[in-house]
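In what follows, structures are represented as structure tokens.
Paired with chain B in one complex and with chain C in the other, chain A is shared by the two complexes that follow.
And then the complex of A and B:
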């Protein structure tokens, strides 16, 4: 059995229900102090990295100037932010990249269904498809920057296939660039989808499928009516997690593939925050953008928790 | 018909595998070409193999220093976050007292926070502490970022451990320290390895934080160094690809030889 047949860490996210009944697993009769001692280091780490940062980033968003010489400006940063075409464009690019979510989900689910049988080499195929997911986006972004550049490898391939009409300067054209970045994201995220969905499909009991087959259901009907509904919960989790990734962890692709360019056409919110905070030194604007990003992210997080809670209730 | 379907499936899988592997192959084949040869034939098979790019990266770049930095940062951040997360998860699952469930739930929410939103306050904090261009700056940040998923992971795993094991030890008068060390930790070996691998991959691959916190040539991690030298050597494709190849090599090796640990760790939560 290969690793690919096992549950993945991401799978852990989907599979386990929160058993939230309080105190049922404690053998200690009385409340004691030692659990607080054990939780203290984690509380310190979270308090420092998350707690402190949340408070400070909100505070900075109302100030202008550099650290040490901050002046209170009220909501001016937010007004400036939404008047700045670069920011709205960056935000819009994040939303455009959300289009990768249905593509990754659909394509990896389709492949997982197709290889949901035992045949020669299936493990190796799964291992190959998963590999991109663990490789550093920095290094692979470098490779893709040569593959996708104008007159690069992809254009050469298209020419040799007599599909010259598809040739583009994939990273140099303002209207194409964000889709090219999306393509690289799909390339990297595809494997985790295949592995998660394959593991989920393996856990579907075989009898239902057998019964349907005996009743003469076609392959397609079995997939659509039996298998997909059985793993619906996992598909939902996957979609939300992918959306969160596209919103909050695509900086590396943008930085390495285009540096946000041409001009700012491929900038995303993360890149905008990086550029304003660390290249232009306007930490007030960058912090305001970070607060907006946090606000958007919390909508997704709330949605994620809602799906989790609902799934737990259904399981109970 | 069945046969036709199988052929089509194999064909599809071969095409998908080529697409998955081609960027890696392109990286390796380019790194093995001389600049002149690459310019003439960027995609062709590297018939005239040269290792000069690899040796140039070693001699002209501080790549060994970067690799060492990445390794130290990964070991410390993953080590510390794993240990403190095990302790917290033990208290959450087996302890008594208020606040345990709230801590667990906040970890679920924090897992999805964009790191970039924390970057500016953390940067100013590191400036105050004088830690910019020092490895501890990123170690602290990464440790914090790894905690939410690690706590979540261990809590879910500990909840599957049969309570009788803990009860028996408790009846024998073992204190909580002993129960954690002698019962819980040995049972979690395989899961811990899995989590360590997952977290180590995150730290090794991280770019944004390293780029901002580590700006001196000798303090950079491998990814930050690679991203910086991209600008400097962008027209020397074989050289950059050789450096990039060094950065993915440890992961590919880990992936090939570490599969056994993946299996053991990931199935431990379900079976037995």
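And then the complex of A and C:
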């Protein structure tokens, strides 16, 4: 069969079937429509869950008041949002937390490369590293509250090590609190990074590494020139995913550790949305903030798509 | 080359075609079955609800809070419910305990969708009145006779236009509690400081002896809110000075901001002098309070219930109580900080308001009120409660304070949004040392302005209420 053949065997088979059918057009139609029928429940669910919600959020962002008492205010919510120091501070905190992305990526990649070499107990070690990721947020919040509070466990440890100059009220000091939250994020996300990178490294063909070693490549050269380039796509994916997590999924950390305080100093965009939408019932300003958050997260998603497209083109 | 050729024979296509068609038909049938099953599920779902709804039992869903005010009150409520259900087999009360961080947001959400509790606990006055004006609360006086409500104390906190919206359960005062033993260790007479100057002098003496003078927590912002409630009140001549300032009438707002600044300056003085535990900002109010029963702090601002509970740990002979020291010069300076704190009301969407009211009314029967006092030490908000039953000297001292004159808890008179977004964080600016009194006042102004534009209907309702109250 020539590659230039216009019809494939499978197509011919369908053609033949179509010829035997009593009403060719209706059968053809059925062939074309049934896949959509299968997809319909999912499409409807997605439409309801995401599409409808998205439209409603955008619509609400042009109103003030609570549900049932809404007043159209045009773009006033957006103007108010950017004039509100609490929101801009929250947004800035999200950007500060982006600093955790290279730390999580670098640290987890480094550990994944180290434990990629099989040694005794490596599986247990991976499981231990992964443990923080599956801990419930409330347990984590409670533990770190005791650990990081002023005169808490960490301060006690520092005092006993004669390092009193490092003692801080880690969660109660407005200048330290966001870094403390960043530390907890690194601690929890580190495990998933190690697991993702370890899985990626396992998929690298052993022959490549073996060939490099035969050619005299050192351990470091193997990591830098062979293994890291081979899992580059996974690293890119992980970085973007972490950036999106830090932008739009850090509410739990803030809520359980500080409740956004002291005096909004640890508030992030999600917390701002929660406080206005859920506590105050100010659905309009909360929706406007959600739209802004979505727009920022979309930039990262678009960047990821661009990276993927570019990679596909390069591969082709 | 055709696909059929690969399988060697002309007979194959027809067999394959038949089997493929049969498989497709089977798939179509399974899919159709799934769709029909799904539709049946959707159709029968409401019917399932109506079947359970057809049960003769009346279910009352009760979102209840009170534990932070009165340790042990949840257990008391569970016991009462068990007794009530035994006496009324046709009624089931589902108790859903709330926390002080969820009490407002949970109900705000419930009120938006008009689903959730039949009975709800809310903080008194504006956290109850504003949802009521928004149509989320049924006035309890519609279902309980005047003869019965006349026994309830402090109903004025939830009365508007002649209707009582909620029922009080207990009364709490907020005294300054002090540890007599630690006072003696610091060379102080074991008496409560009456003025701010005496208070500062006591703090200074305690600190000099290495004793933390005041044990509080402000991670959740409530220490700051309490300072506002106690000391801003002392700056005012009337509550309308506050409500008109919040409503932004004339120069009332300017006057309110000036008194707030004065109050925050005194508050900042306590913090800067190191008279409050250094980790105040990383402990919640509940956690900060624990420093007192642990003997790690000499004083605290707390509730009657906590004082009685702590006396069991510290020893009643070591515990003294007094009114919070006087700082302000307003006409309300001598008023004591007493409130029903939280109240119980019927939601507007409750299907059985009569059954709800009957249950609430029953809670006020003397036998239940006496049990409340016996089991928790709380003072019931009912004038039928025999005060002679209070024999414990500390409890008597607290009761004397509570009934000594005008009672006001100022936090009840600001809209919940202003409480959470201005009052609480403004106090945190002071306790964390990250803001000045001027910054705290600026935060109040900014949040007031935001609330007026973001909640136009609520603002209008508040202004009407403020003018009428």
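In this text, the second predicted complex is superposed on the first by the 271 of 316 C-alpha atoms of A that agree within 3 Å, B and C clash if a C-alpha of one lies under 4 Å from a C-alpha of the other, contacts with A are read in each partner's own complex, and residues count from 1 in each chain.
Quick note on the criterion: a residue touches a chain if its C-beta (ideal position, glycine included) is under 8 Å from a C-beta of that chain, and two chains touch if they have at least 3 such contacts.
Note that the structure is a prediction, hence the values are computed from the model and not measured.
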Handout entry: Residues of chain A touched, compared between chain B and chain C (which is higher)
Key = B
Exercise for the section: Once the structures are superposed on A, label A:278 by its partner contacts, choosing first (chain B), second (chain C), both or neither. Expected result: both
Exercise for the section: Once the structures are superposed on A, label A:198 by its partner contacts, choosing first (chain B), second (chain C), both or neither. Expected result: neither
Exercise for the section: Report for A:67: first if it touches chain B alone, second if chain C alone, otherwise both or neither. Expected result: both
Practice task
Using the touch definition from the top, say if A:41 reaches chain B (first), chain C (second), both or neither.
Solution key: both
Practice task
Go through the superposed model and pick first if A:265 touches only chain B, second if only chain C, both, or neither.
Solution key: second
Practice task
Once the structures are superposed on A, label A:84 by its partner contacts, choosing first (chain B), second (chain C), both or neither.
Solution key: second
Exercise for the section: Could you tell me if A:100 is touching chain B, chain C, both of them or neither one (first, second, both, neither)? Expected result: neither
Exercise for the section: Scan A:108 for contacts with chain B and chain C and give back first, second, both or neither. Expected result: neither
Fill in the blank from the handout: Going through chain A, the residues touched by chain B and also by chain C turn out to be 1, 9, 12-13, 16, 20, 34, 37-38, 41, 67, 152, 278, 283
Problem - Complex interface listing, chain A residues touching chain C - result: 1, 9-10, 12-13, 16-17, 20, 34, 37-38, 41, 64-69, 71, 73, 76, 80, 84-85, 145, 148-152, 169-175, 258-259, 261-265, 275-276, 278-285
Exercise for the section: Would you mind writing out the residues of chain B in touch with chain A in their complex? Expected result: 6, 9, 12-13, 16-17, 19-21, 23-24, 26-27, 30, 42-43, 81, 84-85, 87-88, 90-101, 103-104, 106-110, 112-125, 127, 140-141, 143-145, 147-149, 151-153, 156, 159, 163, 166-167, 170, 176, 194-195, 198, 201, 204-205, 207-208, 211-212, 223, 226-227, 230, 237, 240-241, 244-245, 247-248, 251-252, 255, 259-260, 262-263, 266-267, 269-270
Problem - List of chain A residues in touch with chain B within their complex - result: 1-3, 5-9, 11-13, 16, 18-20, 22-23, 25-39, 41-43, 45-46, 48-50, 52-57, 60, 67, 111, 114-115, 119, 121, 125, 127-129, 131-132, 134-140, 142-144, 146-147, 152-153, 156-157, 187, 190-191, 241, 244, 247-249, 251-252, 255-256, 269-270, 273-274, 277-278, 283, 286-287, 290-291, 293-294, 297, 300-301, 304-305, 308
Fill in the blank from the handout: In the complex, chain C touches chain A at residues 1-4, 6, 13, 16-17, 20-21, 28, 31, 35, 38, 101, 104-105, 108-109, 111-113, 134-135, 218-221, 278-283, 416-417, 420-421, 424-426, 428-429, 431-432, 434-435, 443, 446, 450, 453-458
